[in-house]
Amino acid sequence: MVTTVVNLPSSALALILLFPALGVLFNLFFGARLGRRAVSIVGPGVMFLAFAAATWALVRLFMLPPGDALTFTLWPWIEAGRFHVELALRADTLSGVMIMIVTGVGAFIHLYSVGYMAHDEDFARFFTYMNLFALSMLILVLASNLLMMFVGWEGVGLCSYLLIAFWYTNPQFAYNGRKAFIVNRVGDAGFILGMLTIISVLSRGGVWTLDFPTIQAHVALFTTGTATAACLLLFMGATGKSAQIPLYVWLPDAMVGPTPVSALIHAATMVTAGVYMIARLNFLFMLSPDAMTVVATIGALTAFFAATIAIVQPDIKKVLAYSTISQLGYMFLGVGSGAFAAGIFHVMTHAFFKGLLFLCAGSVIHAMGGEQDMTKMGALRKHLPITFWTMLIATLAISAVPGFSGYFSKDLILEGAYESGHVWLWGLGVLTAGITGFYMFRLIFMTFFGESRVEPEKLHHLHESPPSMTIPLVVLAIASAIGGWVGLPKGLLWGDAFARFLSPVVGNFRPGVEASTLGLSVVATGVGMLGILLAYVCYIRMPGLPMIVAWRAKSLYQVLLDKYYIDEFYNLIITRPLFFVSNVILNRGIDRFMIDGTVNGIGATVRSGSRLARRSETGNVQHYAFVYVLGVLGVVAYYLYLVRH
Amino acid sequence: MSGGLLTAIVFVPLLGGLFVLMQREDRAAWNSAFIFSLIPLALSFYLFAKFDLHSADFQFAEQYDWIPRFGISYHLGVDGISLLLVLLTTILISLSLLYSGGGDIEERPREFCFFMLVLETGLLGTLLSIDVFLFYVFWEIMLIPMYFLIGIWGHGRKVYAAIKFVLFTMTGSLLMLAAIIYLVLQARHAFGRLSFDLQLLYQVPLSETQARWLFAAFALAFAIKVPMWPLHTWLPDAHTEAPTAGSVILAGVMLKMGAYGFLRFAIPLFPTVAVEAVPLFLALAVIGIIYGALVAMVQPDLKRLVAYSSVSHLGFVMLGMFALDPQGVTGSIYQMLNHGVSTGGLFLLVGMLYMRRHTREISEFGGLWKSVPVYAAIFMVVMLSSAGLPGLNGFVGEFLILLGTFLRNWIAAAFAVSGVVLGALYLLWTYERVMFGPITKAVNETIRDLTGREIAVMIPVMALMLFMGLYPKPLIDRMEPSVEKMLAPVHIAEVRLEQKRIDRDRALAQGTAPARAPKPSALTVAAQ
Amino acid sequence: MTPLNLAAINFAWLPILPLLIVAVAAMVVLLAGLRVDEEESEGLGWLTLASLGIAFIFALGLVGRTGVAFAGAISVDGFSAFFQLVILITAAFVVLMSLDYAGENRLPGAEYYSLLLFATLGMMLMATAGDLIIIFLGLETMSLAVYVLVGMRRRDPRSNEAAMKYFLLGAFSTGFLLYGIALIYGATGTIKLGPIHAALASNMASNHLLMLGLAMLVVGFGFKIAAVPFHMWTPDVYEGAPTPITAFMAVGVKLGAFAGFVRVFLINFGPVSSHWAIALWVLAALTMTVGNLIAIVQTNIKRMLAYSAIAHAGYLLVGMTAAGPQAGSAVLYYLLAYAVTNLGAFAVVVALEHRASISDEISDYRGLSRRAPALAAAMTIFLLSLAGVPPLAGFMGKFYIFSAALSAGYVGLVVIAVLNSVTSAYYYFYVIVAMYMEEGAGLELARVAAKPALVAAIGLALFATIVVGVYPEPYMSAAASAYQSALNAGTIHTAALLP
Amino acid sequence: MPIALFWFLAAVSLISAFGVVLQRNPLHCLLALIVTLLAIAVLFIGEDATVVGFLQAIVYAGAIMVLFLFVIWLLNLRAEMGPTGHLGLKLFGTIAVAAMFAELMAFLLPPHLQIKFAGHAAGYGSIDSLSQTLFSEYLVAFEVTSVLLLVAVIGAVALARRSTASEIQEHAADNARKERSAAQ
Amino acid sequence: MMVPLPYLMALSGAIFAIGVLGFLTRRNILVMFMSVELMLNAVNLAFIALGSRLGTMDGQVIVFFVMTVAAAEAAVGLAIIISIFRGRETVHADDLTLLRW
């Protein structure tokens, strides 16, 4: 499906980028000098301005006929040989949604950070990074071509690296930051190759650019094979950025960063970049059923896999991290089964509630003075009322309790999965929904209910967070409560508005299998509720039970607790061999010993030869004469030979 | 004839060097040296501005007879390929002089400045000469000052490094001299007169064997200079022992001379052989990329690490060049500039650290961010540019190279991409060990942050990185025509080879003599 | 008993005027010096210098003339003019080096300078010779004088020993050279170069005698130019001789020997070049390789320079092997470049020698760049030129030689030569290392500035090394025309002297 | 000259030449040498080189050899005692020379050499024919020989002059130094 | 009748070879020098023989010159030997190896 694209230049897009950029410069150069107040105004301020600009852009977008886009060309970028891309911004409905999420959620998280980071010495540096991140993320979503998207893609990776390693004095944190960046790079390698594949295919048709509309216009040049190759390579990038199997390992470790970072980058925005990218290139992925299946399968598996780990984690942020991975899995399941709108929809709702969850967790941790272990919490709801309520709402949303935002999006995804014929994946998704309910409420119960396990000395300074932190909580709580209503099911009021809004870009979902929407929804919801109930039983009714279970299924429990030993596994098969090869074989073996050895060997040989030859100069004239005569013999012999022939 | 602009660019530094030698006290020496290095800088900017974007041939050419009996002439000219390298050279020389004056070089500053400026003359001459003989002369001249820079102001096994450097390079270049003469004699056979003029030599008809051998000789000389794996082992030593400025120029400019040699001589002179040699060189380049990165990763010495990273980066340059495709070659030239800027920057930074702590052992550092935030921040930027972060200069080159390579041979590209990952790996790991973590050594708490002078040195570097990353157009536009021109014969050669192959196949198919009928092939399309 | 008819001979004195001047000057110096004490020999030196200057001027007058004199005994052409000029310059340089040296080392001034002049005379004779006997006599005059000069430092056993070795081997190889001449004489029926050329061209030479004669001549000349394996004497003699004399041998004797060698082989044996090219090929390869190889481990600079001189003889032989008009001029140019460079290098060595303690060890050069920057810089230039680094004279010479050899198709030989120059770079640069990159107390220096003559010598050599390299055209064309005129002259002789 | 005479002279000259090489005592060597010279002189005369032959006998065998004799007495040289340390050299030297001799013979023995003998002009080898050539074609050479002899005289004087003990001590220092450096 | 040229040449060659032999095998430099004289005489013989076969005077003239040279060489050589003997008290080649390597 080739949409006719009308582009209207709009400087609003430029503004969206401009504000965070200004923020970066300000915080970088003046932040430290002008002090916290200035920073705490500028940092979030620019984000709110960007939010306003984004809204303006979105409004303009609404006023345009469907299928049109706003564009703003900055300047031509790389033009070499026949290949050319320019730095240009382009906002269609898809990016419209994304910029709203990024600027909106981002703005509030920035605001939250003002309170959260209030006592950190590197206040300005923090906001520099945060703004830089927002900038990169916006570049990512507003890019009008794949290459520029890659700029944002790597930019966000960098910021996440910087922010994870924000408290760099702790070597572990630094390590985690690097780990995140490297793992992402591995994915990005795939991304680059994907881009190259696309160009090489297009170039056959004389098309030498990566402009999205242009790709879409010439998508006919792709065979199924080339399309599959390109899609899988790009998806490799997505697995890195969006923490899917096999490259998800960095995300849990990323939680060592400040909590707002986890909220903004590792929950709300950056990690959804992969989903966005696939949705953006839906026309390409549609060409390759195999690729789609792979995406869906990976998604479903990741969702389930991560959820299982989340069950047993004691660390509140770890739980949320794994739940993020699992939710991302849902999104990929959605886009993988062709329900792009559903996927993006879940991106949005997830941004709301997962962002909120992290903020709440942050608030809890803040109150507990940095304590993250849930086994040392409990019965906090009277100490932190706002936090409790907002977090509860978020939890309901993520557990897909009907009415809350999560319900609609997850429902759409599962429905899509089923109808596109991936029944097994649907089953997996449903199961995961149950587990989700379980571990989320486990979190709630362990944190806010039951009897307090807080160390006494921490008890007395337990307190609710400052308004700069609570306001965002409330706002996001509202969003997670009602945010889903933009995508009510078909037939209901303005039903399916979200999908319709996106359809010009991502097309409409074309079901393969017919099924009763209601039936599916009931099943899924039922399982979810079951999970919640189970959690209630385990952690409120009979708190001893988990221990027993854990003790019974000791090995399984251990495996889950240790995240299936995946890190150790990678360490064993990749990191260690890499260093061994580099150090022992290449550096010592080949470089020093073989190559340099050869070179120096030649030198040594010459020198020793020289020493030897030198001995011929004995100083005795007669020896000289003897050599002389030998020479004569030689010459005369040659001439004798000459005469004879 | 254009009023000897190029001559001025080439020889002003030499005059400056002599002038510096006459200076009485050190300050004056430093200042005059710096000022003299600014003149060619300004001139080359003027050159850049006045350069005609649309012409592919040599501009600002000057030609005077030098040794008529050999048809040798003093013939200078600049085209899109050399222009930017000239600019890079002048910039880096000025920067390293500015830096070295800040306390890095304590003893014998006069000689130091002298050699730096002579070096500049050598480099610029090499880039600007069109007459092959003249080229060779400058090519050798630039060896000597570098030898002194390493040998006198170097550290550790400086003499070993210096001698190794000279012998490696001389071996290649003298063989090249023989090849040059041979080529010229062939030209005499063909055109009835001796001439070392490049444009004439481009047309020399050669038998296959001759071409192969000559190419081999040229390629050897240049490959040593680049350096290509496995001829690289002089580089780590030279780099490590050289004084900071020396490393900067060595990595920033001198290595490019090898690549430049390929572009200007080896490939256009023997296009057919070049095309035949593509697989070999792609392979070597890829090995260089991965090998360099892996070995760099395990180096305990900062400079050595950067040196090996150069091996990796230059691998990219060669990769793009032997893609023999506009994107690839453009990318490879661009990558030369990038590498000049970013690796030059890295060496400067390492030097600044060395100046403060007198060690380059990575294990000696850690947690530096606390004590020297500005330094750390700058280091971060430079490192990212070296790691090819999009938005900074490194990425543009790498991407174009990968693109060109991918179109030529996707497997090579696929392997090369791993270099991107590994690059990030060793750089970030280094950064982590040096900047992050707690301060383990008490000394590191007290080291002072960058001085104004040093910041002044680094600002242009970073500005370049940003500019080249975000707006490469003005640079690429200037190379484009020359690249096309340089590739034209290559494409013809490709078509011819393709044709031969087709004929052979047909001949084999019907067991008859190859048919004459020329038929268009995929490559003819590629050719325009 | 027919009366001797002197009118039959054309007494063209002009062609040998420079020779006469030198000869007379030698005797004048001798007589003037009889009463001069050894420390005050400097005046004699200036006298010598002046006479050399006059001879130079008259030699300039010869440029452009061609023909034969004294019934073909003397050949007047650009070739002889070229060599006479270069030889005179060399002698002048040596005198400049000697001015202080002779005094400091108590050398008997009269004998020293007059023998210097006689040796010069011998060389010039070899350059202007028109028949083999003159070449032989010139060679002997040169050699005898040099034997004595080598042994001049009578109280220094090394000097004596050097003289002894040089003399014995010299006499020994004289036998071979003479034998060669005899056989050529037998083969061609004459010893005049012109007729020989004619005979060979018209191929009326008895083959066997000719061949053996060629062999013997190769050996004989090979000894004088110190080609391997006839080189063994060189290092010892160079080391033992007084340094200015070492320079004189390294440059002057080589010039003379090559003048004869080129004149005989390239020019007059040209027609049978196929008979000797291969032999020279082998000699060239051997000479370059052995010379450079052994030079690497030398610790004494004079010895090192001796081996380097051997190596350079090898490069020159490469040029000879090429055997063609280009080859000849290449050899001539190379000789010029080699002369100025080597003279400079030796001048520096002389400058660093000290009466109290003669510092010829390379280790004594440590840290020289600090103690005597200018001197070190000059030495560096000379060494670089010897190593063949552009744009210095040495490089241009190599380039000329290589291109000659390549155009003659000797690719293999050129490759060998190339690899050799890489090797040579090692030991030349090693001296630079000592001077610039190693710290060493070294010995206290003689106040070089106090020796204007020496400074002048070094300065001039430096200037020449650079100029001859950077703007080689005039010198190359000079060499070429010189050689060309000799070729033409060859034919003239043939015309003039055929019976 | 009768062939038999040639054989005789050849035998004499060869034997005496070997004598030069084999005699232990330098004096005997010298005498053997003189015999050789004389035999060769006779051969000269047999080849119509009358003047030269006599010169050979008088100047060469006479004057020059006396010079040798003086030196031998001056240095009062004794016979070389016992096997000198260079048996190896003697052996290989002999082999090499034998090889060289073989090569020379390969060139010089018949049937390779053919020069058609143009009979001698009247007065060939006579004093005036010699001087004719000498002072016409070889004038320069003749002059050069005079120079040569002068050089020889100067050289001989310069070298053989006795040197004072002080001068010898002067150089002891740097000789010692040289020894050291050579040792290294 | 004349002695065939080859005979004379062979004789000269033989004497020449003997001279070389002496030079190689006798360690007394004086005797070595005598051997050189042998070589020179061999050459002279060759000159004379060839000259008389060619019927030109050149050969004899050259021999004349060679004699002069021999005389000169003798003078210088013996002077050198004397000065050596003064300094070193020996005339044996294998004792005179101060300069080597």
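Letters A, B, C, D and E mark the chains as written, and numbering starts fresh at 1 in each.
We take it that a residue touches a chain if its C-beta (ideal position, glycine included) is under 8 Å from a C-beta of that chain, and two chains touch if they have at least 3 such contacts.
Every value quoted in this text rests on a predicted model; they were computed, and no experiment measured them.
Within the contact network of the assembly, the step distance from chain B to chain E comes to 2. The pair with more inter-chain C-beta contacts, choosing from D-E and A-E, is D-E.
Comparing per-chain C-alpha centres with the mean over every protein C-alpha atom, the closest match is chain B.
Centre to centre, using the average C-alpha position, chain A and chain B are separated by 37 Å. With centres set at the average Cα position, the gap from chain B to chain D is 68 Å.
Per-chain Cα centroids separate chain A from chain D by 100 Å.
Once the centre of each chain is set as its mean CA position, chain A and chain C turn out to be 79 Å apart. Counting partners per residue, chain A has 614, 617, 619, 621-623, 625-626, 629-630, 632, 636, 640, 643 as the residues that reach two or more other chains. In chain C, the residues that reach two or more other chains under the touch definition are 133, 137, 140, 144, 147-148, 151, 154-155, 157-158, 163-165, 168, 172, 186, 207-208, 211-212, 235-236. Touching two or more other chains at once are residues 16, 19-20, 23-25, 27, 29, 32, 50-51, 53-54, 58-59, 61, 65, 69, 72-73, 76, 79-81, 83, 87, 93-94, 96, 98-101 of chain E. The set of touching chain pairs reads A-B, A-C, A-D, A-E, B-C, C-D, C-E, D-E, using the touch definition from the header. In the complex of the two chains, the chain E residues touching chain A come out as 20, 23-25, 27, 29, 32, 93-94, 96-101.
Within the complex, the chain C residues that touch chain D are 1-2, 4-6, 8-9, 16, 23, 27, 30, 70-74, 106, 108, 111-112, 114-115, 118, 121, 125, 133-134, 137-138, 140-141, 144-145, 147-148, 151-158, 163, 186, 206-209, 211-212, 299-300, 356-358, 360-361. By the touch criterion given at the top, residues 384, 389-391, 395, 399, 402-403, 406-407, 411, 414-415, 418-419, 421-422, 425-426, 429-430, 432-433, 436-438, 471-473, 476-477, 480 of chain C touch chain B in their complex. On the side of chain D, the complex with chain E involves touching residues 1, 3, 6, 10, 13-14, 17-18, 20-21, 26, 29-30, 33, 36-37, 40, 43-44, 46-49, 51-52, 55-56, 59-60, 63-64, 67-68, 70-72, 74-75, 77, 80, 84-86, 89-90, 93-94, 96-97, 100-101, 104-105, 108-110, 112-113, 115, 117-121, 124-125, 129-130, 132-134, 137-138, 141, 145, 148-149, 151-153, 155-157, 159-160, 162-163, 168, 182.
Chain A makes touch with chain C in their complex at residues 606-607, 609-611, 613-614, 616-617, 619, 621, 623-625, 627-628, 630-632, 634-636, 638-640, 642-643.
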